[in-house]
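These notes are about the structure you will find just below.
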Amino acid sequence: MAPASKLMSLSEAIKQYVPDGAEAVMGTSLETLIPFAAGHEIIRQRKKNLTLIGPISDILFDMLIGAGCVRKTRAAWIGNVITGSSYNFRRAAEEGTLETEDHSNLTISMALKAGAMGVPFMPAFTALGSDLYKTNQSLKKITCPFTGILLTAVSAINPDVAIIHAQRSDEYGNAHLWGNLGVTREACLSSRHIIITAEEIVSPYVIESDPNRVITPGFRVNAVVHVPWGAHPSPVPGYYNRDHDAFIEYRNDSKTPEVFEKWLRLRVDNIKNSDDYLRLLGKERISKLKLRKQMISEPVNYGY
Amino acid sequence: MAPASKLMSLSEAIKQYVPDGAEAVMGTSLETLIPFAAGHEIIRQRKKNLTLIGPISDILFDMLIGAGCVRKTRAAWIGNVITGSSYNFRRAAEEGTLETEDHSNLTISMALKAGAMGVPFMPAFTALGSDLYKTNQSLKKITCPFTGILLTAVSAINPDVAIIHAQRSDEYGNAHLWGNLGVTREACLSSRHIIITAEEIVSPYVIESDPNRVITPGFRVNAVVHVPWGAHPSPVPGYYNRDHDAFIEYRNDSKTPEVFEKWLRLRVDNIKNSDDYLRLLGKERISKLKLRKQMISEPVNYGY
Amino acid sequence: MATDTAEYTLSELMVTAAAREIADGEVVFVGMRLPLLGFLLAKRTHAPDAVGVYELGIVRDTPAPEPILTMGDLPNLFRAKWLSDTSDVMGLLQNGTVDVSFIGGAQVDRFGNLNTSYIMNSGKIATRLPGSGGACDLAGLAGRHIIIMAHEKHRFVSKVDYITSPGYGNGAGWREKSGLPGGGPSAVITSSGIMKFDPVSKEMLLVSIHPGVTLRNILDNTGWPLKTADTLEETPVPTEHELKMLRELDPDGYWTGR
Amino acid sequence: MATDTAEYTLSELMVTAAAREIADGEVVFVGMRLPLLGFLLAKRTHAPDAVGVYELGIVRDTPAPEPILTMGDLPNLFRAKWLSDTSDVMGLLQNGTVDVSFIGGAQVDRFGNLNTSYIMNSGKIATRLPGSGGACDLAGLAGRHIIIMAHEKHRFVSKVDYITSPGYGNGAGWREKSGLPGGGPSAVITSSGIMKFDPVSKEMLLVSIHPGVTLRNILDNTGWPLKTADTLEETPVPTEHELKMLRELDPDGYWTGR
């Protein structure tokens, strides 16, 4: 009746559940709730030969690639949403040191959905006629057994670990996540392990007051980590806005391997915890990102 | 900027969106939120040759079959959850006046999911080895193009209309629904038309305060009907408990065609509106079903 | 058939035996009616960390705070761990997360195939039963499943008229050939005894007889020559604690017929 | 290429032209960057009842209350009509609910195929671009789609190095043969003009030239002999109202480069 707490440090969670060579799905809400803090810890631990899975990733994958952690990506888009291409990804792909499996947002969501549903593939109409077939072995053409029409079969992806940033979680892995959900629900259900990083750790009672808000059943979650501002510079509904400047700065800080090395040292390796991170960010910037306009959800009742 | 209100009477909604011969999906939350009031209006209008689609239906389908509205069912289970078999269904199926397509809960949910995703089928491992294949033309065996293993392909269902009971809706069809969701999300997305019956009609501001709670995009909804107690005797989270006695009484009131005719007259045909219905139900019963213990959801913030 | 004693009813014995099939910490896909009660009893006794998954889109790991008759009763949603879609929880079943499920049945055969759809009589429908619900899914996809039903001759037939929920088909190798990922039935708990399945032939095997029931009685109420295990046990009766818990869960005896 | 005038920038002209392609009441699948701005402008001007669907799981029918740079900016979630899964909104796209979508591109060819993945040079990767995102889905599945991009010779090539987002492939009948349900590109809006597609041959056709741009200039910046419509129009300039709205949406000129 008293299950074991899954609360641990970020360093411990990454150590335990992201071994070298792991397949990790991250950035599952697309432009929001990107688990940057967890990604930085992966870099600090200099994990090797990871496969990164996700729809668009918005610079997180670029950082991990630049730090030398990544062997392969299975993604729809890797870049910097407001500035375009990202440099580490370009360099690695153009030099041939990175293997890429080219998805669309629909194919990656179907791959994870197949994994979540426990079937080896899902059908879709996308990618037909495209060259994604040339650079993605997870796609095959099939014909519908009922109508005879052509479809794309997308092979299931079952990542070793899903790394999810949520707004609040209890210590047992029951987490509330709100805003756009992206592919988060299927990413959790398809993955063998789940790490939740959360803005706040709350009592189970808070979570149980709204079970529809729970992103995935907590019994399948392995690690819960308290990381305030853990998705910065991406936005977290209810907590902070997107830090556009950080994305623009990163563009400049990743233009060459040399400046990127400096960035890595300053912004990642030298950071020991959330406090360090926030100190470097600075009070003024933090306060600029905070919510200025509130919109509180109308309550609902789960009584009996 | 000021879209047209979709509020209308129950009679108008059923007249417009449930023509004779229509395929209607109902009872999509399984044992909760069953749209009984809408079903009763279909009976009052003596619609003919309907195809009823849904997972378990818990006596609603039995009523419609008994009233002569139904040509065919595409369902996983038709009965009375706490008493077992239901009589009108048995009679019609045994006499051969009802066509039945036998689903499981997973196959019906995949059929609607395929419809929602706009693909002609979805794969699953269920039904293999079962005789559902003999009595359901929507199932075919396929092999996975990647692994070569055997699967069931479930043909898409795109109903003409989804009839959904929700807790609250604005007049434009943006509705909050909470509790277990069953196959409601896919039923809405797969259907050509949507009727929402709701316990309460609220301002758009209430709905927009929590967009994650919206069950389906309102722009696809065609009719919104205010029907307090519209799911009785099934339970509605936040509003009222299940009326077990009504299910037991119905068992007795449907044992023979003769007693069922009496029940129909008294409980359906003679009812003109919610007030009539509640009067017949009686104050004591109503108060017994109301929530005695509250559980209010912890608010979340959608500000910026 | 055994008659009820002063201490417990047959249904109480069945539910208790069913509950004991759940190990602590297991993920259980809970069916409606008697299986629902069996799961709740296990939670209250030896399996407090078992997790319940319900087909209508519920995951919860505590018993509902009040007695419930259906899994959709509001107390079963109260402080649930997850409220979600049917397809999500069916995904948990299909992707191997569910250890065990429980199914009731109207007709079962020697290889544990269940029929809850059609009882036939010379090629015509004699009785139309409600159908699968989630039973076909549970039987096909759970790690193992347990069948609970009344032990009557017309229910225990050599071959079911219609396979709603696959057991072992026609015996060894059938599930594999059919492509079913789940393990199949592990026990049949009836009003007279408990049956398991021969690990090789996959045929049903009587292993335990309820107190007050005779072997003769069981064999007479089984529509094929039922094999018996080398040593037949007597089904342990419900403990006082189990009975107390069970009666809290079903205070009016709706399911357990007191 | 035309140079910016005092009144409006080229980007503003492009965004305005894009916005005008949206009819009121249409369901629009909104891509990132310039397309996002085009949709917001249409909402604020002639298409107030257009509904925006965003791939990250958002449906909204009012403009965000503050300028946004990405569709995931919190103002775009504020009072949204629906927050949901990517697969849900991709379902709306795939099941025919979406009328029109907008796509940016790095390389386009005479049949409107788009490349945002690989620029090749003698069989080797010269430039690795970010990839599809949702573009491949939008191009394949929306009722029609509109392409927005800079008009430069290295971008307008006879045949793209890689089809990320299918247009009309190699011409008439190709989409049908490929099995694509969506209608294909209906317009290409560039920094120099507007192109549509020949209804029979599916080849790109210049229909409108931006003020200050010459036909010669466009032809010189197109990597194949670009066909022109019988009567070439001059692209209407943004109205004052459009410019005012646009500048409210992009007050710092982040996208429209003032």
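Each chain carries a letter (A, B, C and D) given by its place in the written order, and its residues are counted from 1.
Just so we're on the same page, contacts are C-beta pairs under 8 Å (C-beta built on N, C-alpha and C of every residue); 3 or more make two chains touch, one makes a residue touch a chain.
Just so we're clear, the structure is a prediction, and the values are computed from it rather than from any experiment.
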Chain located farthest away, centre of subunit B as origin (C-alpha): D
Centroid distance [mean C-alpha coordinates] between subunit D and subunit A, Å: 28
Centre distance in Å when subunit A and subunit B are each reduced to the mean of their C-alpha atoms: 36
Averaged-CA centre spacing for the pair subunit D and subunit B, given as whole angstrom: 40
Residues within subunit A bordering two or more other chains: 117-119, 124-125, 149, 151, 178-179, 181, 185, 208-209, 212, 237, 241, 291, 293, 295, 302-304
Residues of subunit D touching at least two other chains: 65, 73-74, 77-79, 83-84, 87, 90, 93-94, 141, 181
Pairs of chains, among all present, that meet the touch criterion: A-B, A-C, A-D, B-C, B-D
Subunit B partner contacts - residues on subunit C that touch it in the complex: 32-33, 54-58, 65, 69-74, 77-79, 83-87, 90, 93-94, 117-118, 125-137, 140-141, 162-166, 169, 174-175, 178-181, 254
Subunit B - residues contacting subunit A, complex: 117-125, 140-142, 144-147, 149, 151, 153, 155, 167, 176, 178-179, 181, 206, 208-210, 212-213, 237-238, 241, 291-304
Residues of subunit B touching subunit D in the complex: 1, 3, 115-119, 174, 185, 189-190, 208-209, 211-212, 214, 216-220, 302-304
Sites on subunit B touched by subunit C in the complex: 29-32, 55-56, 58, 75-79, 81-82, 84-86, 89-90, 93-94, 96, 100, 102-107, 109-110, 113, 124-132, 134-135, 149-151, 178-186, 234-235, 237, 241-242, 244, 291, 293, 295
Residues of subunit C touching subunit A in the complex: 27, 48-49, 51, 59, 61-62, 65-66, 73-75, 77-84, 87-88, 90-97, 141, 181
